[in-house]
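Each of the next two complexes has chain A plus one more chain, namely chain B in the first and chain C in the second.
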Partner chain A sequence: MFTVFDPLLITAALLVMIAGTAVRWRSWQRGRKEERSGDWKGLCGYLLSHRKIMRKDRSGIAHLLLFWGVLLPLAVIFLAQFSFVLPAKLAGALSLFLNLLGAAAIVGILFFLVRRMGKDGSPPEGVLPPAVLLLFILLSGFEAQGVRLNIVPAPLWTAPVGALFSALSPASPLFLQLLIRMHLLAVLLLVATLPFTFLRHVTAGALNVYYKSKGPRGALRPLAMEEGCLGAKTVEDLSWKQLLDAEACVSCGRCEENCPAFLSGKPLSPRKVIRTILNQMATPRGSHPLLGEAVTTEELWSCTTCMACVAHCPLYIDPLDKVVDMRRYEVLGKGAAPVEARPMLRNLELFGDVNGKSASHRTDWALNQEVPLLSGQPVEVLLWVGCSGAFHPAYRETTRAMVRILKKGQVSFAILGKEEKCCGDPARRLGEEALFLDLARENIRLFNRFSFKKIVTLCPHCFNVLKNEYPALSDNLLPGNFEVLHASQFVLELIEQQKITLKYPVRSTAAIHDPCYLGRANGVYEPLRKIAGAVPGLVLHEFQRTGESGFCCGGGGGRMWLHESGTHINTLRAKEIAQSGVGLVSTACPYCLTMLEDGLGGLELEKRPKVRDLIDIVADSLG
Partner chain B sequence: MKIVVCVKQVCQVCGRSGLAPETRFLTPQDLVYRVNPYDEAAVSVAARIKGASDKTEVHLLTLGPLTAERELRRCAAMVEANDLFQIVSDADLDPRSKSDLLAQAIRNIGPDLVLCGKESIDTRHGQVGAFLAHSLGLPFVASIKELDISAEGKARVERSAGRGLREILESTLPAVFSVDMGAQALLLPSLEQKKRADRLVVRTLAFEEGAKPRTKRVGLHPPRPRPKKIAAPDSRLPAFERIAQLLSAGRVEKKGVVLNGTVESQVDGLLAFLKEHSLFNARNVPGGE
Partner chain C sequence: MIRVLARHSEGVFDEATFGLIAEARRLLADIGGEGKVTALVLGSNLSPESLSALGPRGADEVLYLESKAFERYRGELFCEALCELLSKGSPSFFLMAESEETSDLAPRIAAHLGRPLINRVVDLKIPRKGEVLAFRPVLNGYVFEEVAAQCEGGPVILSFLPSVLTADEPDAAKEATIRTESWMATKTSGVRLLEVIEADPGSLEIEEAPIVVAGGRGMGKAEGFSPLFELAECLGATVGGTRPVIDAAILPFERQIGQTGKSVAPKLIVNCGISGANEYTAGMEKSLLVIAINKDPRARMFNFADLGIVADVHELLPLLIARLKEIKD
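== the complex of A and B ==
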């Protein structure tokens, strides 16, 4: 069947593909250095289980069908080159299996074609040609089988789909030859163009999964300021892995579908950010406009750093770290932080807290509470109060509730008192890395002076920063002998060890609003639910968007201090809460508390659901 | 154009959280050393003018020991200052004599425009600007919010004249203006600007003829306790201690529990308290034990 030209054609196709891959390879290799180690096991597990891709049911299944429907026949065709003979039954079964797989792949590709045409009928660039080509390859394969069946009959059960095609096909050997040639040409065309279409995710995506970050999701990449890097001004300021992220994107839009900024009509779309970077990678070095212009500042500051995009991307792409790097350049490189956020940043610089109340007032909440101050004596728990816990009028109640719980559980604990400084999260998320480092270093120096076994924080943002980001600082001086827990984790321990009992019923139907920095960033979902389950009288429901898909309150990433235009994110969430009909929303974050209170307040409901921190609920029920 | 901005280093008292009357209830954490925010506003105004024309030079001038050097350099970064001058003087000066010293330095620099804050947050005299203008024989406008330099080299300033009135004045240059806060967006210098400012050498100036202060502070009273929310002093303490506690206006340690929680838990808490203090006898209650 092969002609003398075929090896030439195949070589040419392969050469084009290799050359194309090399060009693409160079385009993402021009990023900055970054240490990454690969993970074969992770990649194999990812491909075999398809779990991450199947998070979205229908497209996940379609991908699974297509993946195996292409891969297995390919493997068989390859093996068939080494002519060995199978027993007739087995060969028949294999043929049946491949037949069905091929059909499944057609279903998969048709699904994607229809879906990618989208509502407006315009699929993302580079998607249509390879998809059509793939469909053609599959159909021409079946048609060839149909014609062959007409020439050389075989039992119906070994090729039912081929038999369907045979009903409409002539028994012409010439036509068969033609079909086979077209099939082969299409395959070669697909192979040759692989690096130039979205199908490059076959290689780039696999590579991206291979190099996926193994650290906690909530930790931001440290900035190499000493090497003169001030964030991302151009694509060259991003690391090679960040560029590989863009290279691997298939424009599926899952990030966008879950992005609170996008859903509330803000100009930001994580997909667009990634696509913009991809487009700029194709331009010659230095010829492209600044990222700050291609991606507008309005987009940058719309991000709540909720990580929904990161959690939902099937290819482990992280749009957030690019947004933060661009923010870093805005702030460190240009001194152009949003005007509304500047007083807060200045307060951090001068007074060490977001409110500018200064250290003098950091322990005002503890008035009359007999809260022990950390001294030379070792304690079990250092209670990290945080700016909200110390200054926010409502959240100070929560801090006091936590103290009551700790006392009831007879925990040996203490606070840092006036010496505690902001953990630095708002500064870091807004791109003010230098300020973050100053604050972090001061706090770390403080930790080194005392002896304790655990840090327990009330605020998930403090929790994330202390747990995941302080240890990663380049000049890490952190005493390595303590663990960081969120209050909910610690309180659950107390309940499970029966150090505290929850006796008084809190009669309400409640649902948990998962804080992004507790859930998506650190995977703390269960403790909240277990604690709620332990409170007598509380009937727990789940919101529709919950857990990994939980919807942001709109307050993270420094957005607490920024002006919000259009539909507010907290209003969107408040509407969902109102529709769910629960009487109590339990959360575990001062930002969520404030944002949801405000959102619900704005709805003017007849019966407004209460928003409370889980710690307050526990304290109420404390026996 | 050459601009001199006078910046004062101040010690901001953020609270009085100490317990000792002899330190006026101050603790080190209550004090924040910084540049007077009104002067920072003046620096912002200068930065805006400098941003509009790259031929503008800005010189910062401070007086006395460098108690807030970091903040001073931050100001230099905000405006990309060409120089940072420090007049060395340890003397206890009044506003007039301070202005005399500043005026000597300014004469040497020879600027077209002198800016300073309308007052400082530590002494709140608000006199330096006016005295400076007097010593230098220059026109003066107090508490300006906006400043524009016209093409003919005149200054057009806007100030609030109270009750929402905004007054616009035109002045010849050189001139002295004192700046009010509120109209200028806070400037956060970029890292590069900060680094450059860190490399700036502080140029010290010393003047032979020390100005003689003609007024002198002879007393300073700590603020009277203002009506603000503090916990009631413990009623079991003697009057003297209670007054001391009130005066400290900070931490007041007091025994006692506030019951919160569900209604049931509050009732139980009350009962427990009453029983503990033998104020309640369950046998007297119908249905009691």
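== the complex of A and C ==
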């Protein structure tokens, strides 16, 4: 069957593939350096379980079928090159198995073809040719089997799909030869073009999963300021791993489908951001166009940093860290922070809080509350109040509620009082890295002066920054001898240890709105539900979009200080809440609280569901 | 010798000018105390009494150039006249206060004389003889920079931010010698003044408006806003709104006050039908005089008000407008 040319052809195809891969390899290797370690186990688990890919049912299953439907027959064909004899029964069973797998792969590829075509009739670049080629390979394989069955019959059960093909095929050895040659050529073409089509995700995607980040999702990558980097001006300012991200993207659109900015009609699409980077990587070194020419500032400032894109990408791609790096360049490189946010940034710089009320008012909320101030005395808990907890009129109530709970639980706690500064989250997520570092260092210095075992924060944004971002600061001032907990985690401990009891009923149907920086960023889902379950009278439902798929309130990433045009994200969420019919939405974040209240207010409903922080609910129920 | 540009409106000098003279006196002391502080006044038909206001503030000498052409600011004419004056008597500094006019005038003079100009100055130092060191804010006030200039060969032009200028107490015993000269342009100007169009408060940037009338959801739908516009017209005020008003496209985004809109600090703000959410008050807390009209006596807006009126805006505003019109007539 083989001709003398075949080894030549195969070698040529492999060489083209290797050369192509080397070119692509260089295009992402030129990124900035970054420490990453690989994870074989993680990669194998990922491929075997397919769990991440199957997050979206139908395309996940299609991928699973295609993956095994191509991989296993390939393995068998490879093994078949060595001569050995199998018992007839076993050989028949193997043949049946391969037959079914091949059919499954055809179903998978047809699904993808229809879905990719169906979206808007124009599939992303590089998707169609390899998909058609793959389909051709599978079909020609079966047709060859059909013809062969007509020439050399075999039991029907060993090749049912082949038998179907044989019904319509001639018994021509010449035709069989032709089919086999075409099949082989198609395979070689697929192999040779692999690095140039979206099928390169077979290698780049696997690498990306291998090198996936192991840290908490909520932690942003530090900026290499000491190397003179002020954010991403061109693709070369991104790290090799960030470029590998783009290389691995299959343009599936899952990020986009879950992006609150995209869904509310803003110009941002995380997929487009990644595709833009991919396109610009192809330009020769030193002549990269500015990223700002392809990704507009409106796109950048639309992001709420909710991490839905990160959570849903089947290939562990992180569109958010690119957006933040581009924001950094806008702010640090060009001095072009959005106009509406400038007063807030200035307040942070001058007064250390987002409201510009200054330290002298930071403890006004605690007036007549007898809240202990941290001093030389060691305490168990440092209650981190945060700017919202200290200044936002509604959220001050929540802070007081937390104090009531801590006192009831006889916890030894204290606050930093006037010395506490903003944690720096709004500045960092708006790209003002220098300001973030200043604030963070001041707070860390403060931590080092006192003795406590735990920091408990009310705001998930403070929680995330303190827990995940402070320890990574280059000058590592943090001793790391304390734990950072969110209020919900700590209150659950109190309930479980029966230090507090929830006695008074709160009669309502309720659902949890998962704050992005508790949930997606830190995986804190269960405590909220367990606490709600412990409140007598509360009947808990779940929203349709909840947990990892929870929908953002629209307030993160500094968006609390930015103008929102068109449909508001909080309005979308408010509509979902209204439709769910619950009487109470419980969240655990000052931004969510404000945003949902505002969104529901705007709907002008006859009966408006209440929005409350879980801590307030607990305080109401406290026995 | 130090010269100071005196700014006035029909002969009434403003506080910044007095502050500038005080600054000039300090500077004169710093450079050894020799010479005079001369105030340069450009205008037409100013009375001697009005000019005599500068003496008690510290000017040794007032030089008044009179010309019809000085009725309004005209860059090329002012520049020509001042350059003539500055090239005489070898002054070492020429001081002015930052304004729309001087930001046009100062670079013209500097270019004509070929002398250094430092603008937006907030502080000065004389590190050694013949040199001046000025401080000024850059990057939106985030940082300050030091700028040095050499005094050799003519005046250094310094333009101060008016907010840092504070006047000394007037000393009635002091008097300045006043010289009046009439002035004629020597060159023919390419610019002719055709018409002066006063800024319409309605189209003023809301951050610059001295009086703001703001409306909230309590004003109702678009038609409900007509009394608000009428009130603004009576008061010569600029109209702003809360976010829901902007979302309903009753006012454009440029008119939004608050955390995600503009921060305003007018002399007077009238809040009509506004609940006073934190996100709104964040943008107007620094206003001088705050009036709130709301039918809900518990509205948070009242916490910020110097005068709070519990009333239905649609009942109160027509009465207020009628009364204001009466007073005007």
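Descriptive notes on the structure:
By definition in this document, the second predicted complex is superposed on the first by the 620 of 623 C-alpha atoms of A that agree within 3 Å, B and C clash if a C-alpha of one lies under 4 Å from a C-alpha of the other, contacts with A are read in each partner's own complex, and residues count from 1 in each chain.
Definition applied: a residue touches a chain if its C-beta (ideal position, glycine included) is under 8 Å from a C-beta of that chain, and two chains touch if they have at least 3 such contacts.
No experiment lies behind these values; they were computed from the predicted model shown.
Placing chain B and chain C on a common chain A by superposition gives a clash between them. Shared-chain residue A:447: touches no atom of chain B or chain C.
When the two complexes are overlaid on their common chain A, residue A:301 makes contact with neither chain B nor chain C. Contacts of A:562 after superposition on the shared chain: chain C is touched, whereas chain B is not. Between chain B and chain C, more residues of chain A are touched by B.
Of the two partner chains placed around the shared chain by superposition, neither chain B nor chain C is touched by A:543. When the two structures are aligned on the shared chain, A:335 is found in touch with chain B and with chain C. When both complexes are overlaid on chain A, the residue A:413 reaches neither chain B nor chain C.
In the superposed pair of complexes, A:393 makes contact with chain C only, with no contact to chain B. In the superposed pair of complexes, A:346 makes contact with chain B and with chain C alike. When the two complexes are overlaid on their common chain A, residue A:506 makes contact with chain B while staying clear of chain C.
335, 342-343, 346 are the residues of chain A that lie in the contact sets of both chain B and chain C, per the superposition on chain A.
On chain C, the positions that touch chain A within their shared complex are 139-142, 244, 247, 253, 256, 259-261, 263, 278-279, 282, 300.
Within the complex, the chain A residues that touch chain B are 225, 230, 331-335, 337, 339, 342-343, 345-346, 350-351, 357-361, 363, 366-368, 370, 397, 401, 418-419, 432, 434, 503-506, 619-623. Note for the complex: chain B touches chain A at residues 14-17, 27, 29-30, 32, 34, 185-194, 230-231, 250-254, 256, 260-262, 264-265, 268. Remark: chain A residues 335, 340, 342-344, 346, 349, 355, 392-394, 560-565, 568, 594, 598, 602 touch chain C in the complex.
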